[in-house]
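Structures incoming, each one as structure tokens.
After this come two complexes, each holding chain A, first together with chain B and then together with chain C.
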Partner chain A sequence: MELLQQVINGLAQGGIYSLIAIGWTTVFGIVGVMNWTHGEVYMLGAYVGYFLCMAGMPLLPALIIAMAVGAVLAMLIDHLGYRPLRKKRKMLTAGFITALGLSTFLRYSATAAFTPDPRAYPGILDYKMLSLFSMGGSTLAISSIHMTILAATIVIMVILQLFISKTVTGKAMLAAAQDMQTLELMGAESEKLIKVTFAISGALGAAAGVFVGIIYSVNPMMGALAGLKGWSVAILGGIGSITGSLVGGLILGIAESLTAGFISTGYKDAIGFTIMIAVLLIKPTGLMGFRFEEKV
Partner chain B sequence: MKIRKFLYAATASALAGLMLVGCAAPSASAGSSSAQQPSAAQPSSQAQPITPVKDIEIGLVAPMTGNSGSMGVSQKQGYELAMDEINGAGGVNGAKIVLSTYDDQGDPQRAASGAQKFADNDAILAIGGSCNSSATLAMVPIVDNAGLPELVVSSSSPQLTGSSEYFFRMSVQDAAVGPQMAKALLSRGYKNVAVFYVNNDYGIGLSDSFKGYLEANGGTTLGSLTYLATDQDFTAQITTAKGMNPDAVALCGTMADSGLIIRQLKQNGVDVPVIGGTGLYNAKTIEIAGDSSEGVFVIGVYVANNPDPKVQELVAKYKKKYGVEPDGFAALAYDQMYVIAEAAERALASGELSRETFKEALKTTNYKGVTGTVSFNEDNDWVRDYLTLTIKDKSFVMAE
Partner chain C sequence: MNAEIFEDVQETAIDQPQRSGSQLKRFVLGLPSRPGTMFLTALLFILAVCFVDSFTSTRLVPTYIKHILVSCLIYSLLTLALNFVSGYIGQTSLGHAAFFGIGAYITTLLTKYTPVNFWISIPIAMAIAALVSIPLAMVSQRVKGSFLVVITYGFGEVLRYVVINTPSLGASAGIPGVPAPLFFGTKFGRIGPSGKEAYILLAFGIVALTAFFMHRIAKSRTNYAFSAIREDEIAAVAMGINTKYYKMAAFMLSAVLSSVAGSLQATYAAFVSPEMLSSTQSILILTMVIVGGARSIKGAILGAFVMTILPELFQMVKDVLGLPFDPWMILYGLILITMMRLRPQGIWGKGAGQ
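Let's turn to the complex of A and B:
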């Protein structure tokens, strides 16, 4: 019974990792930059949602505004941070360092602006434990908030998948993931595609931030670990694969929950990276990756 | 070379001579280091304390800005309120207490510079600070070397215990808070306890002292559940704890993580009494835990709505001067300034006020203040009783 409950806890937590990883993986898959600022967009999105909710706005509009801010922010980061590098063809050598620098800059600017103290959202979603199954006095339960987030993640994933496979822009993004330069030669505006990619990624990051803020609390350092987790989930699921991110996130969530429950919490954060290294050694394309070798 | 050697030898023998004569002769000739050496007492009777000619200068090295700035500001305000009262009532045998402040921004390197600055200034009798254990740890070797008494209100690291004979601590002791938590639970009939602790020096130290006392006095630790300071999701640990059917849950962590644990415990249906250490005594705990914070027990040394008239008097005075209620640091600092004044008076009564005699006088402190009766043990740590507080209507009150 406890085992099952731990698995359910893990699924609930995994939904959040998936949402973070989807934003991560789209940017890496298409633009090819390890965007370490994703965690910071996630953090800032959480703060936007926090301030709006504190001002009395209901959750849905607050979430949409936070996502819009996240989208603009991610585009701005790309415009100021990555685009100059792309123009000079220095993305491969300097992109990673720029990403780290930007991420540190945003993190500490947020610390200065919002103080390092954690803040809690006002209770805007009812936290109810929904019991799934009862046996011999103990009950399996999942919280309503976690269910909502898991559902939202799946909805977002389906919409994104449809967008990529059905629309021209989406198809162009897919093509860009293959070969940006050839696509440019064929007349597509790669810069525009990249903007769209960053906007989608930023919006998803901000949404994840708001959800996490509601369940837990927000603080300026929250992006650091989220960025790392998102990265290992993206590797696990296969870089560029949206379904892979979802599956990877759920697997990581369950693995962490079981580690914390049955081995030791001390290893909880390590397990994600152990899985990541194992995946890189055994199956570098990840669970659902399909384009990794060609890309690199 | 030869000349230099000769000079060394001459200086050394002259100094040795001085030390021998020093006991008998007036110390005017002792030179530059006179501030650290008690110069010989002027003939006077013990009953008639001497009025020092100068002000009594106290230094404060504490964060006034930065992440922990609010702690330093509280300490300074607590000092100033007490100084106003002491000076207004005629000072220490007529001498005024004056304070100079050095902002260390919570940074150990800056704290060390501040300590050095005050140590080099012979006019400084003693210093207060700093707030963060790491900053205070950086200051201790400097004050120890200079023979400069240092008093703190808020560095709880066990590493500081017995670190220097010049180091006096009035802050909360992790090793003493754990037993207090256990006592508070046992006295209310809760014996089987699940313990959550943050996996760092603070959490491990506190939970060990808690478990030690609990088990030695008839209680049982059902499980020790650890987590990392950065964790936000505790459902895995809570699920494990739930399976143990505890009478109560003890939290050995700080406000952010403990607030989340309190919230998630209630959300996951673990509805048993919760107790936390002094790390939880912060409004943020209540903000993060939300409604789940109701009824949580916390160990503290001071609470603004303590009905004790002494506390109420301080709250009223502090509010009048600064517009806010004093927090724990301010209350401890207020007491500390009186401890300093009393020790200075005792040192004067013994004939001479110097860093050395002041240090000796501090050792015999027995002052009944707002935050309890202050006295120091052989390690210069404060031995005291703690209060058990509880959260009621989103604020801390005295527990019944």
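Let's turn to the complex of A and C:
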């Protein structure tokens, strides 16, 4: 019974990891840069949502505005940070260090602007424990907030999956993840495609930020750990795969909550890295990744 | 796609024409360019910093500056160490703080709880660091580029969580009271006017030895193998280079040197904490290498000095202005971004002599 309860807690948490991971994995798969700033976009999205909600806006429009701001922000980051390097074709080491620099810059600017204190969202969703199932005096329960967020995550992912599989841009993105240069030869505009990728990534990151803000609180440092969880999940699920990220996120959430429940809460954050290292060593393509071994 | 971009980075770094800057630089800055002269100048400088105030009644060089100098030298050792992996064989590693921490923790445990003294603890820590680096070196045979970054990062973090969750290692509080090393029966802290001189000289000696060793390697056949691996690993294998062996050697050397830096740091600060193993530390070391210039000995040392001194300066600015936030970290981000835009090979990168 306790095991099942932990699994349910993990699922709720895992949904958010999936959202972060998809944003990260699309950029990594298509542009090939380890986007450290993703965690920062997530943090800033959470702040936008916080300020809007504090101003009295209902959740849904606040979420949509935060996603839009996240998209614009990610596009700006790409435009100012990565695009010049891409033009000079110095992406790997230089891109990685630039991402590091951008993320440090954003994180500490946010600390300067918003103060390091954590802030809690106003109570916009009612907190209720919904009991799912009871047997022998113990009950399996999930909070209504987690439930709503898990549902919202799945809706966002379905929309994204439809976008990618039904529209031309989405299909081009899939192709770009495989081979950007060939796609360029075939007449696609890679710069435009990369812009769309960053926009999607930013919007997803911001949405995840708002969700985490509602459950816990927002602070300028929240991006760091979340960004790392994003990597772990994306690698576990397979770079570039949306379903993979969803599954990976849920698995990581469950693994974390089981570790916290049965081994030690101290090792909760380490389990993600352990899984990630094991996956990279055993099956570098991840659970549902494409085969692109030359990248590994 | 990644692989090709990667090659471009390396090629541009190498094809950088050797501008006549070196003569100009020598003229303007008076910097000696030969390693021997350089060593002597540095030694004289260090001796002056250390002992000039023993001859006067007032302190000419504040203890604070000596403290910064020790930090700079320890970080120089770390950047030189990471240079083997990130510079010579071109594999970015974000887990080097792990070896730094291993050195520090082994020295602490041995000198504090066993009769083993500091000098013997160093080789033991080196051996353990070398052993721990083997799995990481094996991983680097299979995984490259961004994925190796991720793995090394995870490796460091997992080790940190292990330390935090082990009460016998002091958990998150760390272990205080690491005994000072003895020099012919005298404690290090009792040598010289401020008690930091012996540490400065020891650190300088190790850095100088390491730099000399690297200088020899850069001139040897081993360096050809390293460059071949860095430029195109598949071609290197095809040419008959035992890439496994060289990668293993680079990782082990790097780990061993990092652990020496850790041992020094532990005994100097008389305190170890899991912070030493943190990813922030690894990232800092990597940025020092990149800012200074990969594959350049002078660059690595310069990077370590610049990135150790600047935060201290900004700490002063922060204290003077009473700012509620740390201006250095914001600037640090900006420095990295501008560097990568304007001079991705680092201040003293390849082309300016090794």
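Criterion: the second predicted complex is superposed on the first by the 291 of 296 C-alpha atoms of A that agree within 3 Å, B and C clash if a C-alpha of one lies under 4 Å from a C-alpha of the other, contacts with A are read in each partner's own complex, and residues count from 1 in each chain.
The rule is simple: a residue touches a chain if its C-beta (ideal position, glycine included) is under 8 Å from a C-beta of that chain, and two chains touch if they have at least 3 such contacts.
Here the structure is a predicted model, which is why all the values come from computation and not from measurement.
A.B. asks: On the A-aligned overlay, A:Asn9 touches which partner chain: chain B = first, chain C = second, or both, or neither?
C.D. replies: A:Asn9 sits against chain B, while chain C stays out of touch.
A.B. asks: On the A-aligned overlay, A:Ser217 touches which partner chain: chain B = first, chain C = second, or both, or neither?
C.D. replies: Once the two structures are laid over each other on A, A:Ser217 reaches chain B alone.
A.B. asks: In the superposed arrangement, does A:Ile156 touch chain B (first), chain C (second), both or neither?
C.D. replies: neither
A.B. asks: Regarding the shared-chain residue A:Leu106, is it in contact with chain B (first), chain C (second), both, or neither?
C.D. replies: second
A.B. asks: Given the touch rule stated above, what does A:Ala260 touch, chain B (first), chain C (second), both, or neither?
C.D. replies: first
A.B. asks: Have a look at where A:Leu92 lands relative to chain B and chain C in the superposition and call it first, second, both or neither.
C.D. replies: A:Leu92 contacts chain C only, not chain B.
A.B. asks: When the two structures are overlaid on chain A, which partner does A:Asp269 contact: first (chain B), second (chain C), both, or neither?
C.D. replies: Both partners, chain B and chain C.
A.B. asks: Once chain A of both complexes is superposed, is A:Leu246 in touch with chain B (first), chain C (second), both, or neither?
C.D. replies: In the superposition, A:Leu246 contacts neither chain B nor chain C.
A.B. asks: Could you let me know whether more residues of chain A are touched by chain B or by chain C?
C.D. replies: Touched residues of chain A are more numerous for C.
A.B. asks: Considering each complex separately, which residues of chain A are in contact with chain B in the first and with chain C in the second?
C.D. replies: Correct list for chain A: 116, 264, 266, 269.
A.B. asks: Could you pull out which chain A residues touch chain B in their complex?
C.D. replies: Touching chain B: residues 2, 5-6, 9-10, 12-13, 116-120, 123, 127, 129, 141, 143, 212, 215-217, 219, 221-222, 225, 256-258, 260-261, 264-266, 268-269 of chain A.
A.B. asks: Would you mind writing out the residues of chain A in touch with chain C in their complex?
C.D. replies: So the residues of chain A in touch with chain C come to 28, 32, 34, 81, 84-85, 89-98, 100-109, 111-112, 115-116, 179-181, 228, 231-232, 235, 264, 266-267, 269-270, 273-274, 276-277, 280-281, 284, 294-296.
A.B. asks: In the complex formed with chain A, which residues of chain C make contact?
C.D. replies: 1-3, 5-6, 8-9, 12, 92, 139, 142-147, 149-151, 153-155, 157-158, 161-162, 164-165, 283, 287, 290, 324-327, 329-330, 332-337, 339-341, 344
A.B. asks: In their complex, what parts of chain B are in touch with chain A?
C.D. replies: 67, 199, 225-228, 230-233, 235-237, 239-240, 243, 255-256, 259-260, 267-269, 284, 287-288, 290-291
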